[in-house]
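Common to both upcoming complexes is chain A, partnered first by chain B, then by chain C.
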Partner chain A sequence: MPLERVPLRSLGPTVVRRRLAGDGLLLETGPFVTRIRSRIASVAEGLASVYRDYPVHEPGAFHDFDCELRAPRTLRRFYHPQVLFLSDRRSVFKPLAYHQAYPMLEWGMNWCIASLVQHRLVLHAAALERGGRAVLLPAPPGSGKSTLCAALAHNGWRLLTDESVLLDLDAGTVSGPVRPVSLKNVSIDVIRGFCPDARLNAPVHDTLKGTVSHMSPPQASVERAGEVAEPAWVIFPQYRQGVPARLIERSPGECLTGLIDNAFNYAALGTRAFHGLGGLSERVRSFDFVYGDLDEAMDVFQRLADGR
Partner chain B sequence: MHLRPCGEQWAAFHTGTGDTHLLDPVAGAILQCLQENGPLVLAQLSDCLEWNAADAGILAEWLAALQHNRLIRERTECL
Partner chain C sequence: MDGNRALCLALARPESMAERTDGEWSTMLAAARETSLLGALWQRAREAGLETDLPEPVALHLQGAAWVAERRAEALRWELEELGRGMLTRMAPPVLLKGAAYLLADLPNAQGRLANDIDLLFPEAEIERAESLLFFDGWAGSHHNDYDQRYYREWMHELPPLAHRQRGTTLDLHHNILPRTFRVRPDAGRLREQSVALPAPWRFRMLAPAHMVLHAMVHLFSETDWERGLRDVNDIHVLVNHFAAREGDGFWEALLVEADALEVTWLAQRALWLCGRHLGTDIPPEVVRRLAASPRARRINPVARWMFHHGSQTRAASSTPLQDGTARGLLFLRGHWLKMPPGLLVRHLFYKAFLAEKEDDTDVQPEPDKHG
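Now for the complex of A and B:
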């Protein structure tokens, strides 16, 4: 029997709030379905804003992850209220200030993929596809990865993920959960200016990462979320103000070590991961990429896609 | 230990610790030779690498260096 799934936008705000407060909203993001429960208004508003094109499953259907956001049941709920993130009814982070409930949901969903997925090698990287070929962008926080990813997603590249690349070790293909892109601080206004069509939710201030806002992927990326891609490039980005865009080639060995450093479950998957990443490093072209201007960066990626 | 070529280098995965090392081409070839042939036999090793007798001294030096991990570059040093 086919799964019954409808776009979140078709439910309307009342049904979304009712499901979140009841048995849960079952949200499909790429290969995963997450059950989300919360009575917090900003969670419902955030989901309705950035996930409006995403499929939602009928209550009671199978789900991969179980997430709940709620206030701690202590007197703190009256004085400087806080919010807890629970996965499978277990609190996994320290509580945050109540107004950070929505970004905490996004971080919690990232945690679920990084901690619970073992059937794929999970890389901390962005990935985008063009013409069936994928570019992987592994990088630590603060490197300009998400800004670059958001700009590419609005300039001819299909977004696979901003955060968690899923590598199929048997097929060698990559996919992603096609979740919203997390933008921080000055990147929020940079992307608003660079991609006027981008849909961003209301910024949340004073988080551990500063001010954060989430950008919805373009609708075409959401609709093609089930399509895998062949990795063709692994590019390690680094934003440096005022620096001309430049690619510096990495050897396959240097590519391999960079990928290992950005893998969540490399040790758990052992020799399969070693040979999988080793093979990937030999098949792709790999570069370090420094950039200080998004227009220049778009030109570099255009030339890569064109084979120049 | 799992070994695989990686471009011009070799990568070694230590199954006990889960660590991965990048090896110089020569170190990789020596380790592969050891894996295939068991105990270290200098003549056999030299033969495996297709080196002539004149290179035996260099080979000995490389082996000594290998014993002190000088040829094995920790991946953190490559970043």
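Now for the complex of A and C:
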């Protein structure tokens, strides 16, 4: 497909707003293009700041997902406004308070990948690459995955994803949508302190997860968003306050069951998914990783990358 | 071209996929996703030798959907093997309906089709025995309140759906293809008598070709929910093409005779008209003429034509959302109007609106914060 792509920042706020309100803004994040429509100001502002360096396609180009954010058409909009997320013109979530429109867009875009992608095995995991080799960090919410991922992305690792790893079941390679890292509550200040270069958008308070802020990936990660990587490590992180950083090796079998627990479409893809994840578990080294301090964690990952 | 039109064109003439622009592909994929036709599109593209010419992201989405459909078919086959080996061996083989029958008979609409439930047809006198026997294989009823029990057992053509206790698969036991309270009551004995045994080792039967097509037609045109109408239209289209090519005029003759015998000629008229409208199905003019001349025929008025056409458009891709929504609403009313006599209908809708426990909608509306 012939691509006319320009960085979002080059469009200027008026054009961004006009496209969002009209035929849609076509945003490229890694292998996917999402068509986004919304008249909500916080959505336009959030996109313009968080996705500043991302490629935008011309209207009418191909898109994988179609997203819209708007207020429900009820009387409630006059006294307690809410916002809906629609995928392919259908609302997929319960409505949220109006001021949460931007985080809702991010969650909705994650939902699209988790629910509509069938040609890749989708893992609920972060992934980063160094020297062509990828580390996968599968973990349920609350395990300190995003904080660790944000810190690594500013310490020599290229961000592939904070949320959805895409495993190519034929080639065995991984890629990611290279979307912003979702930071919650204390993690926001931790990352501001730990990575002074990190670009975070204005925090949104009182969401279901508390306060949320999205960190843009470093520009280099955005520019190399299309590059796949060979999985080399699968690490199950767990943050515990005050605990020294420690890696505990997992067998391939334990790695496999951990990956299955964190896969969105494992059952839907059946045998193909089993062999894909089984093969991956045999090719990588896998560990449980507990950490209480980001500096120590960075050293551990540095040693891993150096093969020490 | 709107995605709905592009999808219909692709189903009718797979070669047309080569002419689609990138923008058209996007809305067409959304339309196919909504109607569970992505996997079917992949099959059509392969048959037309187009799969390598498709734009890469398009091919990936279609291929992924075909993988998922393949896996579902594998799971369904396994479930049917279990069912065939279990307690049902104590009864005469039942007739397998819809998706599961398409799959086991290897009909062309089965490839890439997402089938979930298993539908079995038993003689009315034996259906409760089947239910009791299946209990020992792990199948149990899911609708426990008195109203639902009465609704199914007294008024419908099937028992309350069964679900497998471990695997959650749904199994529907039918004794007819239309509700007891519907405007017409087809002779279910006729369906069973003409049914055909599936090849061994399967211990199931399937409907004769004309009956299978009529069932697909009756199913859509008695429906209150037209959300996936286009998929049903496609099933009818593919089956009609397949049987007409295989059996020639004999198929059309049987269709006409059986439509009259089952008193569903008027539904078949509407179904064939809609297939022609959306997918350009090749229907001999003689068949259309004879259908219309039957004493069981009913003229399709322009409002009904408008309603069927718009009601089966996809939400994601159509350029007439307001008309489509109105048509869906009218089809909802029409479906109920046909399904029950007016007194019973008022009572049923009153119960559903005010007395019934609201259905749990957590599946349709997941929590957004689980994604990030």
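To be clear about the criterion, the second predicted complex is superposed on the first by the 307 of 308 C-alpha atoms of A that agree within 3 Å, B and C clash if a C-alpha of one lies under 4 Å from a C-alpha of the other, contacts with A are read in each partner's own complex, and residues count from 1 in each chain.
Operating definition for what follows: contacts are C-beta pairs under 8 Å (C-beta built on N, C-alpha and C of every residue); 3 or more make two chains touch, one makes a residue touch a chain.
These numbers come from a predicted model, not from an experiment.
In the overlay built on the shared chain, the residue A:His80 is in contact with neither chain B nor chain C.
Between chain B and chain C, C touches the greater number of residues of chain A.
When the two structures are aligned on the shared chain, A:Thr271 is found in touch with chain B and with chain C. In the superposition on chain A, A:Ser281 makes contact with chain B only, while chain C stays out of contact range. Shared contact residues on chain A (touching chain B in one structure, chain C in the other): 270-271. Put simply, chain C touches chain A in their complex at residues 21-23, 25-26, 29-30, 33-34, 38, 55-58, 60-61, 63-65, 67-68, 70-71, 74-75, 315-316, 321, 364-372.
By the touch rule above, chain A contacts chain B in their complex via residues 251-254, 256-258, 260-261, 266-267, 270-271, 274-275, 278, 281-282. Residue ranges of chain B in contact with chain A, taken from their complex: 2, 4-9, 11, 13, 15, 18, 20, 22, 75, 78-79. Residue ranges on chain A touching chain C, taken from their complex, read 1, 31, 33, 35, 60-64, 66, 85, 88-94, 96, 103-104, 106-108, 110-111, 114, 116-120, 141, 163, 182, 207-209, 265, 268-272.
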